[in-house]
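Got some structures for you, see below.
What follows is a pair of complexes built around chain A, which joins chain B in one and chain C in the other.
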Partner chain A sequence: MKRDLHILDVTLRDGSHSMKHAFTEEQVRQVAKGLDQAGVEYFEVSHGDGLGGSSLQYGLSNVNELKLIEAAAEEAKRAKISVLLLPGIGIQEDLENAVKAGAKMVRVATHVTEADVAKQHIQLGRHLGLKTVGFLMMAHMAPVEKLVEQAKLFESYGAEMIYVTDSAGALLPHEVKERIQALKQSISVDIGFHGHNNLSLAMANTMAAVEAGATYIDGSLRCLGAGSGNTQTEVMVAVFDRLNYKTGVDLYPIMDVANHVVAKFMPRPQEITGSSLIMGYSGVYSSFLLFTEDAAKKFGVDERDILVELGRMRAVGGQEDLIYDVARELANRKHSVI
Partner chain B sequence: MKRDLHILDVTLRDGSHSMKHAFTEEQVRQVAKGLDQAGVEYFEVSHGDGLGGSSLQYGLSNVNELKLIEAAAEEAKRAKISVLLLPGIGIQEDLENAVKAGAKMVRVATHVTEADVAKQHIQLGRHLGLKTVGFLMMAHMAPVEKLVEQAKLFESYGAEMIYVTDSAGALLPHEVKERIQALKQSISVDIGFHGHNNLSLAMANTMAAVEAGATYIDGSLRCLGAGSGNTQTEVMVAVFDRLNYKTGVDLYPIMDVANHVVAKFMPRPQEITGSSLIMGYSGVYSSFLLFTEDAAKKFGVDERDILVELGRMRAVGGQEDLIYDVARELANRKHSVI
Partner chain C sequence: MRKSKVAIIGSGNIGTDLMYKIERSEYLEMSVMVGIDPNSEGLKRAKERGYETIDTGIEGLLEKTELADIVFDATTAKAHAGHSELLNGIGKKVIDLTPAAIGPFVVPTANIKEHLDASNVNMITCGGQATIPIIHAINQVSQVEYAEIVATVSSKSAGPGTRANIDEFTRTTSRAIEKIGGAQKGKAIIILNPADPPIIMRDTIHALVEEGKEAGIIASINKVVQLVQEYVPGYRMRGNPVFDGRKVSVFIEVEGAGDFFPPYSGNLDIMTAAAAKVANEIAKKQSTFV
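Take a look at the complex of A and B:
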């Protein structure tokens, strides 16, 4: 099968966030089987925060992800299974176990400015014979040159593909385009794009990425995923068919698994709500939301103002203290104006 | 207030479809007040199928639309109220009554190839002192030259603005762009765009329209509208703010009416489901869906195949008999292959 575009479905990984990490083995089997039969080439199975993510901090999985990977691998006759690995969360043993369970691809994910923490993980992926990918998250937070520099680092470690990952759904189509174009000119491995729909632009951004040269694109069925969800896999299949790209995925079977399997168990629809919109608008990640709500109450300011200010400051995970500083500062400003 | 872009909210008209025409006066007042306070310039209030649409065929309204227009007009301190009028459904008296109730704009809507039925309605709108708009529905069904010809007809009748209306959510961004560009070169009145989200491209199409020269754009709160819903108004405000266009609409208040008013009463979320996706993919309108389901059962074929075939044939409303012919033909083909 000659494919112009490679669709990678992340329902069983990014969707884990929306499912509060409570996927059952039966759900995983049904989705895996459906994806496989529809002709999807790769799909990802892991805790939402990657291998080893099951924890009090990131959310406990109901079923051990290795068991889920194994179940998915049994159902996948043609499709290959990817796993996500965040250095600092997943360890070497997790990846080795995932390979035993049937994984064929690993995506090593770091913040867009921190590829350097992933050297040994990329090397491990290659050593284990996996298709090994560098996955640059929160890509909107770095200028284009920085993104290129980090992609080159990944490539130098042995990554066979680099993903631009719009974790907060904050990129606009022209921003996606310039990032993918810059990579296209600077690295020689394949380029992928992973979008979120916080600004209702996941599909548009994916199209912009493809126009600029990306050949791997992520989606999830019925958008099931973090924030306001991912690019909708079955819609992507329809749109790229209309645009005459060969994805190798059949429209009706992929619609069927979306609408007759995933839609039945998803806990709520993936709409663009207040908090997911402001995430995309301000460019901050979801881990800030709860703290921000608390700080907003404590200091009597609008939580959206805090998030927008954090976005302006390019705050990143780990800087949660900043949230309270920002709230205090906004409250002071407000009172001094009155 | 200098606006680069004029947002027209259709929650209280296109949303009527999703609400099964059961808007209450209190809901209309709350939405109208919220839109007005957020700085929205125009919003539309009518039965989903326009003035006079309340009927067994199109769905009976729970509350008379004139009462709803009146209520909305009372709440709108700055915003102006638009009504939709489909020749053949609404009559002269309906429009005159709407004006008495407070309407300031009329959008006269016809199938993309049938502007000629609307001459007297456009003239009536002008005569009544309304801002009068020609609204070309199912715009994907005509080649660009035909669309231009029809827009010119509307202009010749006295329309002060022409809308390209992607009723089935079937247009791709480059198709929107070429249509708006062609109008820009051929007519001298303002150009608007009305999008639907069946292919997850409503926002992208709206951006493409604006890039090509449209200055009026439709949206609805939380996407409430026919099919998989409209371009999401509050998201549009955020996106065009990021793109440095002045819409005159304030982000937080528009988010508040979306999330604290509309989200509370909408009967179901506006997701892209099986039937709405196939509508966008095949380019057929929602009125075919029920008949197609029936014909598919009767002839034992996939309803999606029927819709795709109808799309290819450019079938339009009124040709419901065709549905059964197509189903029969597909069933014959299927059996002759076996």
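Take a look at the complex of A and C:
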């Protein structure tokens, strides 16, 4: 089928954050089956922090992710399975194991300024015959020129696609457009966009990305992803249909898997709460949300204060341990004032 | 007291910083800096401070074997295997700061006494030196079923070698958490943070331990922090260890001595400081034998 746009669903990876990494095999099978039947081309299955992310730092996986990848691969008749890999957390062996379990695409993710840690992993992805993607996270934290420089590095390692990843849901539509346009002019591989809805702009940002030349776009069913979640996959299908883009995904079936499968096991609605709004506002990594709630409770401080401070400190993805430290410092300061 | 003469192979940043730490070591005498680039900053600095310099690499050093008793290798894992064989062949002790890991892993507070006679010892990784003392200290009091460390370093202090082979950090550190730290299973994570001004190295240790041993664990950790401070004065705990059921989390910050590296590069500083400490202990033992 000829598609103008390639929708990549991340419910089973980004959603892992919201599920505290406790997806069951049955849930994964049902979602995988639904996505496949609706015509989704790629969907991602991994721990929220990528392969090897199961840890005390980010949360232990209830079910080994390799088992979940295998289960998803069994259900997917046409769709291909993607995995996420963050060098520094996961290693090359994790990717080799994921391929044995059925992965066909790898997205190698680094902070927007650190692409050079990913060379070996990109090369391995190509070597294993995977569709290999460079995934530049926290794209709001670097100037456009830096993003372009890092995308070129990824391209030089052999990445077949570069993603602009708005991990904090902090970008505004004109900033997305500026970034995608700059990449379009400087690299020759495909461009993707991954958004978060912390400022209620995920759909608008995805549209801006597509108008500027992105052809791969991420979404999650019912927004099941970190923070307030991602661009809502089923909404995206409807919107791009109205805009006359061919996504190859059928609206009713994708709505059905969202509402009859995912909605049934979501731990809570993916609303824009006080905390997630502040994440978008101050540019904080979306998966910090649940950890911040816990730390705020433990130390009796305002979640928003923790998040603003993390933004001020320019924390990057993966620094979940810092949340605790910041909350404690804030509590100490509060007590010393009293 | 006879001091041991020290050669440093590799006149880059690590080698240069190490030189300053050797100068402060009681049983060591900085003798010669060995590089392969006559114009290198490290060789110039060594010469200015009155040490011998050799710009023809290991071959040059082998022509002047009387210059060294203990040799630090701050080159690359690839080069190290050859260096080690040649140096051990003529009876020199080798301290390996590369990821080659030919010799046993050494952490000063954990197992230095076992390896004072080894011909080659390996310094693991910066994250390993910063966190394994804590895991080892916990393991003195309680079984450690699992230990995991998260090292966060400033982007500026992560050199091209680390970046090109970041999995090596993860694998080597995980292995040493088990082997030297005593955890039944180990895991390591490294995060690079590009904030400017650069952040000081931070390390978090999470471990699964036996419940009911909190007081003993805290005492053991406090003791080891003081021991590490003897060779890394800027090594400190942020807050107290936090217990949550079977999980204990310990938060560490490592500020470097600011010898050659800026103080935020605690990750580089703790490697050179730990290596100097190991060499000093080896030299101390040799001097008491004579």
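The definition used in the following text is that the second predicted complex is superposed on the first by the 285 of 338 C-alpha atoms of A that agree within 3 Å, B and C clash if a C-alpha of one lies under 4 Å from a C-alpha of the other, contacts with A are read in each partner's own complex, and residues count from 1 in each chain.
Operating definition for what follows: contacts are C-beta pairs under 8 Å (C-beta built on N, C-alpha and C of every residue); 3 or more make two chains touch, one makes a residue touch a chain.
Not measured: the values here are computed from a predicted model.
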Which superposed partner A:S287 touches (first chain B, second chain C, both, neither): neither
Which of chain B and chain C A:S156 touches, first, second, both or neither: neither
Partner chain(s) touched by A:R222 [first = chain B, second = chain C, both, neither]: first
If touched residues of chain A are counted for chain B and for chain C, the larger one: B
Contacts of A:I272 with chain B and chain C, given as first, second, both or neither: first
Which of chain B and chain C A:R328 touches, first, second, both or neither: second
Residue numbers on chain C that touch chain A, as the complex places them: 146, 148, 150, 152, 155, 160, 163-167, 169-171, 187, 189-195, 199, 202, 204, 206, 208, 238-239, 242, 247, 249, 251
Chain A-facing residues of chain B, complex: 172-173, 197, 199-204, 207, 222, 231-232, 234-235, 238-239, 241-243, 251-252, 255, 258-259, 263, 269-274, 277-278, 280-281, 302, 304
Chain C-facing residues of chain A, complex: 55-57, 87-89, 91-92, 111, 113-114, 116-117, 119-120, 313-319, 321-322, 324-325, 328
